Every structure is written in C-alpha cells, then in structure tokens.
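One chain, subunit A, appears in both complexes that follow, with subunit B as partner in the first and subunit C in the second.
So, the complex of A and B:
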C-alpha cells in the first residue's frame, strides 16, 4: 500500500482515497469524442436523461401504486392522479416519457445504422444497444399492464397469448408467464415485480456495458473516418484545439448535448402537459374487464411494426398455419437487428447516402417500418390485411437481401 | 444548414407516422357521425309554437304527474323512499324541479306525448311488447294542454347558483342511473334495481371524460343510438346548456387537476426555454474555442 501524506485540504483527502483527479480525467475531461458530429450524437445523453426521469417519476408513483386487481386502477386514476400533490405530474412524465424514450431509441438506433456505427470493431456497442432495446421493450410492456385499464388487460392478453404458438411448450409457457390460465391478479403482481425491480436492474447493467463498450472502438463520426485517437488527444492537450479531430466529453461534447437536450425537453414537456393522449390511450381509462373485449386492440405505437409483422401472415402457406408463420416472422423481426454487423458485408463505414447500394436499402427499410407501424394500428380487414402481408414480406426480404446487396457494394467500391 | 436538414427529415418521418397512428387511425376506427341536434327536430307530435298557460298547466300537473313524480321546488315531495320507488317502477322516477330548465322544450313536450319515441327506445319497448315503459304516453292530451304543462314546469324550475349548477344538472339528468365514485356519489336507484331495469349496470362515469372524451360525449348524450346502436341508454333530451353543464361536471370530477396542469405546464416550459437558450449560448462559447 502506498504511503499516505497528511492531506492539506478536504479535496486532497478524498483524492488520496478515491483518485478523484484521475477518475474525472478518465470519465470526463480526457474521454475523447470525435469533433465531426451532428446533433444526432446527442441521443445517448438524451436517453440517459429520459431514463433518469423515468426512474425518478417511477419512484414517486411506486409510493402510491397498489399492484392488486381490485385497487390498481383507482390507485392510479384517483389516488395518484387526483389526491396526491403533483401525482398527476409524475404519472404524465412517466407515461409520456415511456413513449418518447422509444422515439429517441429509434432515432439513436437508425442513426447507428445510417452511419454504419455497428461494424469494424463497434459490434459490441451495437449488440449491447440492441439488448437495451429488448429490455426497454419488456419494461414498456410490463409497465403498460400496471394501470389495469382495458387496454392494459387486453394487450397483455393478446401478447402473452403469442407465446402459445411456440411448439410443444407453448401452452404451458403461457400459463407459466401469466401465473394463471388467464390474465389475472397473479399476472399483475409478477409484471409489477418485473417492471420495478428485475428489468430496471438489467437495464442499468446493460447501460454500463453499453457505455464501457464505447471506450475501445470509440464513438463513430459523421464521415465514418478512422483516426488515431491518442494522437489527436495529444494535439488537443498540447493546445492545438482547432486542428485536433477530438474534443473532451466534458465540457465540449456535453455543452452541445445540453443545448440539444434543452430543446428536446421543451418538446417533451409540451407533450407531458398539453398533448399526452398518444401515450395515454383513452380506452385505458376504462377499468379492465375480462368479459368485455374492446372493439380494437392494439399495442403501444412503438410495438406496432413488429405486431404487424406478427399478424401480417393471416393465411396458411405450404401447410403451415398463418399463426405459426406470423410467430416465426415476429421472432425473426425481433432478433434480426442483433446480427446487423454480420449481415452488412460491405467494409464501408460511411453515411448511408454515400454508399452506392446501401442507401436504397436504408430508406426502403424506413419506409417499410412506417407502413408497418401505421397498418399495425388499423383494423386488419380487407385491403389492410394485404398491405400488412406485403409490408411484412418486404421486411423479411430486405434482410434476406442485405448480405447480397452489401457484398455487391463491397465489390463495386473495391474493398474501400 | 445540414443539421436543420437532418432535423427536417426526422420531423417529417415522425410527423407522417404520427398522422397515421393517431388522427388517421382514429378517423378509421371512429367514423364521424352527424352533429348533435339540440332542437330534436325529428319529434313532431306536438305543436310547440302554442303559448302555454301556466295556471292551467299547474292544475294538469297536480292531477296527472305528482302521484309518481316529486317536484320539490313546487312543494311536492317524493311519495316514497328511493328503494321503494325503484321496486315499484323499476327506476326512481325523476324529480321534475329542474326539468323545465334542463330539457329542450320540443323534447319535453314530445316526451309527455310519447316517452318511448322521444327517448328512441322502441327497440326496448316495442308497441304491444311484454315490457312497458313505466310512464304512460299522454297522447290523449291536446297539444295546448301539453304546452300548458311544459309552461308550468318551466315556471317552477329554480335558478341554480353558477358554482353548483354543473353538479345539480348531473344529479338530476344522470344521477338516477350513473354513479360517480370519484365524487363519492352513488346513483339514486339501488344497484340491483337499476341492473334489472337496464339489463346491465350503467357505468360509473368518474373517468368518462378521459375514456370517451368531450367530443364523443357531446354526440352520445344528445343521441345515444347514433353512436351505440341498441343501447338501453335513453336519449335524455338535454338542451345544449344543460348538456355542457353535465360534461363540465364530468370534467371537474374526472380531470380535477386540469387547471393546475395547464398553469404548471406553462411555467415548466418557460423554465425549459430559458435553460435551452442558456445552454445554446454556453455551447457557442465552448465550441468557438475548438472550431
């Protein structure tokens, strides 16, 4: 153990024991970020702030929420919304935040795809990010059940029913997940546990891994340029700030993030106070009733695209039922993004619009996801069902075609 | 500038998606129906241009109505407790004190002439069917006599103070069937009786301002069959002002923090705007050193 000198100040006392100086350097003032970035690079910090807002508002809600089918609905809509001081504020922040966090996740994710930030050493950043997407989805789904409204109940019913399509174990699995033969009190209580404990713990763990995964391959930049970070950092530290290709996380990178955050929060709070219906469906202000099926059942907007892939296959093909085909397609849709780094066979790390073939693929995918999302909400009748089928097939075909398209692109650009 | 272009693209994509899953999907799932009609112009049995004679109306009401109906404002109390009245008639007969104020004149006159057609409940009480509506049709009265009754009911309706009127109207118009548990109000017809009478327990309306929204309620109260064909909820015939009072009361109870939400909202956004501007200025200062 090192020899300790008498500390001259409180700061030094702590620094001797916790290495504050070094910690701040490693984490903040000498953590290097490329300078050539745009506001899309602020989404990570936005997500961190949103997650914090969700945790804090969630803690306040947790003080009054009652996970019991007889008390849940009124504990939310009466106790929290009307009796507790500013309870409505925490609920609105939580409900709208849960929806907006997915908007930012999607922007963050497609920024990664657009700029090719998932390959050439950045695979673990991508995979840990996709893991976060799955965990946030589970968190969103379990949380949506808690107010115990009609949509809470019926969305839970429909989504847990999906697992029944898995061969051999499906039926037992559904009962195991619900803790009963139908969605009931035991389902609510266990989803409550998942929502407030297990999944948040997993999310925090995954965030740590995600941040750590950034340290070695470093953050990508707007041009997809690879350079020596140590060399550029030295330049910066030597005072040549203008010619260095990097900036420190604090204060330079964060100053830009705070600016983006400020305007984002303005938009967010507008939604929280004045335009929250999209995140708090009117149907869910009717208490859950297992005997009264709502006319239209749909998940929250961020699940609509994969929900539409699930129900896009509504007829039998080659002896396999539509339900099974939908389930297979749904499973693929949820897993396929994990393997993006290996489906993209082109070595180019460039914005999609500078890649000769990939750009078409990217914008096709975006258009298809929007179609899937919109038709995921509409009733699947008549022509809608066929649009659903066509866009689900398009989604699958796009991913089957990706390795071939990118291979051809690699050939065209000659491995560059 | 490039960053604005990126922002515009994202805003466009988000806007298209939003349009599809909110306004457009809503339009597909809830097609627009015709606007509320507060003149009830489909009812034409009584000539409502006749001027009513209040004195004569008083005599008619005392001879024909108060055996079943209380009119507290005119000194006629209820004949029996609510539970007994519900057991006798199926539902507690309304106190008529506020009827002259709440109901449209044309509706009220035609209701007296034939309640079932005015309420649009002939699917529930067909002519010659097994079940009869508890109030008989007064189609034997002359139009003049009916207008005399209407004139009398209008004359006895008490003026209600502005601060109480929403609740008073709700209680009188809806409160015999619909509880409002978030206002600690229970329907005056006992639970079992109202369930037997209507076929299902009429819903508690505490959160209906949120689950149905003002626009839907506006159309639904005016003409339930139009939005929910076959429902046993009657068309109640409220005039526009009374209907607005009912909806306002549903909002007072169901969305009691609305005013607080809107005022806090403005302050929070103002605070955030100041933060955003300061953050922008700070960013410009910091980045001027590295560019």
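So, the complex of A and C:
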C-alpha cells in the first residue's frame, strides 16, 4: 500500500484512489489507432452508440410493457403508442434502431472482410465480433416476439420449430424451449427475460471481450500495413506527429468518429421520425392468433438471406428431405463466418481490390447475399424457388471454394 | 512439497464440490424451463364422442390446435385408414388446419365436406383434399380410444394402425 499524501485538489484525491490519470492514458489518450483509415473505421463507435440508444429506449418501453399474452399487444399498441407521453418515440427508436443496428453490423463485418482484418493475429477480434452478431440476432428475434402481433407469433413459431429438425431430441427440445406444445404465454415470458436481461448481459460481456481483443493486434489500416505501434507512438509523443503512423484514440480518432456519427444520427433520426414504417410490419398490427396463419411469413430484412438459405432446398436430394437439407444449410450459413480466418489461406492482408483472386470472391459473395435477401422476401413459388435454390447453393459453394481460391492466390503472390 | 500437496488437495476438493453443485444447478435450470404440470395435463384433451350428433362438426382444442371430430351418419361411407370406429359409429378425427396455409376450413353439412375460405381448398368428410391448393389430406392427431372417450395426445393402437396405413408419416 502506497503512502497517501494530502491531496491538493479534489481531482488529485480521486486520482490517488482510482488512478484516473493512468486509466485515461491506457484507455484514451495513449491508446493508438492507425492514421491511414477512412470513415468505415467509425462503425464500431456507431454500433456502441446504437446499442446505448437501444438500451435507453428499451428501459422506457420496459416501464409499460406487459409480458403476458392477454396484455402484451395492447400494452404496446395502446398504452405505449397512445397514452404514454412520447411512448411512440421510444418505440420507433427501438424498432428502427434494431433494424439500423444490423445495417451497421453488416457494414462493419464486410469492412473487416474487405480489408482482411480477421487474420494474422486478429482472429479473436473477428470471433468475438461474430459472437456479437449471433447475440444481436438472438436479441432481435426475442424482441420481435414481444409486441405479440401475428408476425411476432408466427416468426416465433417457425423459428422454434426449426429446432424440431435436430435428430432424436428435436420434438422434445421444441416443447422445452416453448414451455408448451405451442407458442404460448410461457414462451412469451421466457423470451421476454432473454430479451431484457440475459442476452443484453451477454452482449455487454462480448463487447468488452471484443474491445479487449483489439489491444494486442491493434486496429487494421487501409493498406493492411503491419508496423511497430510502440515505435510510432514514441514518435507521436516526441512531437513528430506528422511522421507518426498513429494517432491517439482520444481526442484525435474520436473527433473524426463523432463527425461520422453526426451524419449517421441525422440519417437515423430522419428514419425514426419520417420513415419508421419500414420497421413496423402491418401484419404485426393484428393480434397474435395461434389458429390463423398469415398467408405469407417472412422475417425482417436482416434475416432474409439466412431465411432464404433455410428454405432454398425444397426438394429431396440423395434421400435427405428438403427440410433437413435446408436446416443443415441454415446451420452452416450461420456458423461459417466464424472460421473465415482459417478458410482464407492467403497470407495477404490487403484491401480486397488489391488481391488478385479474393476480390472476385468478395464481390460474388456480396452479390449472392443481395440475391438471397431479395428472394427471401418473395413467396417461394415457381421460378422464385429455383432462384432461391441456386443462390443458396452458390453461398455454400463460395465458402467451399474459398480455401482453394486463397491458396492459389498465396502461390501467385508468393507469401506477400 | 508438503504445502504443494496440501494446496493440491484443497483445489481438488473444491473442484469436486463445485462440480456437484454445478451439475445440480444445471438440472434445476433445465427443469425450470420444462413445461409446467398444468401445461402437461392440458396436453391431453378428452372428448366423450358418444354424445355427439351425427353430421355436425365438433371442434375440440388440443395443444392450441383445433381438432375436428365428425360423427358419421348411417349413409356416410367410412374410409379405411382415415376414420375410426368408436362403439357403433364411425368418426373422422383430424387436425382442423388446412394443409395449404393453416386456415381453419368450415364444415358444410349439406354437402358433407369441408371448404377453406382462404384459398378455396376443399376436403371430403374424411379429410382427403379433393379440390384447390391443399397439397395433402388433413393431418391426424395422435389419439387413443378409451371406451366412449377419445384421448387426444396419446397414441393408441387404432392411431398406430392408421399411421402404418398412411406409410408411417
């Protein structure tokens, strides 16, 4: 225990006890970020802000929401929307926020893939990020159930039914997850708990791991250049800011981030105030009815690509039913991104457009995901079903081909 | 050396206690998510079919689904593998959800068939699709016959025979 001398100021009093100076240095003023980056590097801060907005708007909704099949629908559509002062605002922030957070997650994720920010020491950043994607997906799904509209009910029905495809234990597992033989009050209350407590806690934990994972390999840069951060930091601290390749997180990096954030928030609140309807499916304004299936069930836009993979296999192949094939493909689609660092066999850390073969793979994948998303919303009949099948197969083939493509690339560029 | 082995023993002892506690709490957590006893008993619906009126559709609710029970008149022909005999009468026992998109078809007792209002699908009295978009006959719920009562949710010999006839679907 160090000896404490009389503090000269309140700041010093706290600094003696909490080491504020040291903490601010480690977390902010001497946390080094590469200089050679662009606005795509602001997505992490945007996501942190979005998550905060979702938590805050969620807290306000939580005060009036009732997780009970008899009361849930009206507590949202009558109490919160009509009676609570600015209740509509918090609901629209929450609903639009849930949609936009996935838009930013996808941009963040594909920025990482484009610049190769998932390999050569950055594997844990990537894996913790993918874990966050899965957790946000679970959070989105459980939250969608809460207004207890027709889409809430049938999305819950269809997605929990998926677990029934697991061999041997499937049927029992579905009943266990729902707490009943069908989606019912017990299902609503347990998913309410998951949505407001367990998954948010897990998300906060995963965010901490994600940030911590950045500490040792450091943030990637536009050129994929590797350099000695300590050396560059010394240059910066010695006053040679111009030749140093790094800037401190605060105030330099964050000031630029806040500029991007400003634009983003204008866009976000434009949606909240003038275009919230895209996040409010009209079907979900009919109260849940277990005895009446809507004519056409589809998820929110951010799940469409994986939903399309799920139903892309509509016929039997080699004695395996279409349903099972769809489930297997769906499971692969949701897990395959985790192993990106090992599927990419090329040592190159460069933007995709500077990589001879990977660039084709990257843009092919983007195009395929767009096709999957568009067709995921359409009824799976006639030609649509075949487009769904072809694009689902393309998705799987792209990932099977990735190690070979990148291996060939490694050979071509000779270990660079 | 002596200290080391002592610390090792404490570590192992704690590990054993923690493992037992961990497993026990996992069991408790799993059970907490199990369907409640009231849900399990509600998972079986019993219907006394002897009191039903012939050619008038009875709709029971079993596990959140509508179940059609139709008592046949003398002149209605039973279908082997789709109808069941309880006492002296034949009955159709089917899940009342259209196999097209899950709407509930209505029974027309003058024509003795089912008509789905959503997309115009039609089923005969035994639930076989005869017109429109439905891809297959109405599904059959597991049931058991106990005297004059029908127990929905349990697989009786009659149900198993019907399933075997339908090709083990």
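To be clear about the criterion, the second predicted complex is superposed on the first by the 416 of 416 C-alpha atoms of A that agree within 3 Å, B and C clash if a C-alpha of one lies under 4 Å from a C-alpha of the other, contacts with A are read in each partner's own complex, and residues count from 1 in each chain.
Operating definition for what follows: a contact is a pair of C-beta atoms (placed from the backbone, for glycine too) under 8 Å apart; a residue touches a chain by one contact, two chains touch by 3 or more.
For clarity, every value in this text was computed on a predicted model and none was experimentally measured.
What is the contact status of A:190 with respect to subunit B (first) and subunit C (second): first, second, both, or neither?
second
In the superposed arrangement, which partner chain does A:278 touch: subunit B (first), subunit C (second), both, or neither?
first
Quick check for you: in the superposed arrangement, does A:373 touch first (subunit B), second (subunit C), both or neither?
Once the two structures are laid over each other on A, A:373 reaches subunit B alone.
In the overlaid three-chain picture, which partner chain does A:25 touch, first (subunit B) or second (subunit C), both, or neither?
Neither: A:25 stays clear of subunit B and subunit C.
I'd like to know which partner A:17 touches here: subunit B for first, subunit C for second, both or neither.
Touch status of A:17: no partner.
More residues of subunit A are touched by which partner: subunit B or subunit C?
B
Considering only the touch criterion stated at the top, classify A:295 as touching first (subunit B), second (subunit C), both, or neither.
Both subunit B and subunit C are touched by A:295.
Would you check which partner chain A:411 touches, where first means subunit B only, second means subunit C only, and both and neither mean what they say?
neither
Check subunit A for residues that touch subunit B in one structure and subunit C in the other, and list them.
In the superposed arrangement, which is not itself an observed complex, subunit A uses residues 295 for both subunit B and subunit C.
Of all residues in subunit C, which touch subunit A in the complex?
Interface residues on subunit C, with respect to subunit A: 30, 33-36, 39, 43, 63-66, 97, 101-104, 118.
For a test of understanding, state which residues of subunit B touch subunit A in their complex under the given definition.
2-3, 6-7, 10, 13-14, 16-18, 20-22, 24-25, 28-29, 182, 206-207, 210-213, 256-257, 260-262, 264-266, 268-269, 272-273, 275-280, 282-283, 286-287, 289-291
Show me the residue ranges of subunit A that touch subunit C in the complex, using the header's touch definition.
So the residues of subunit A in touch with subunit C come to 175-184, 186, 190, 290-293, 295.
So in the complex, the part of subunit A that touches subunit B is made up of which residues?
Of all residues in subunit A, those touching subunit B are 35, 38-40, 77-78, 81-82, 88-89, 92, 103, 107, 241-242, 244, 247, 251-252, 255-256, 258-259, 261-263, 265-266, 269-270, 272-274, 277-278, 282-286, 295-296, 301, 304, 366, 370, 373-374, 377-379.
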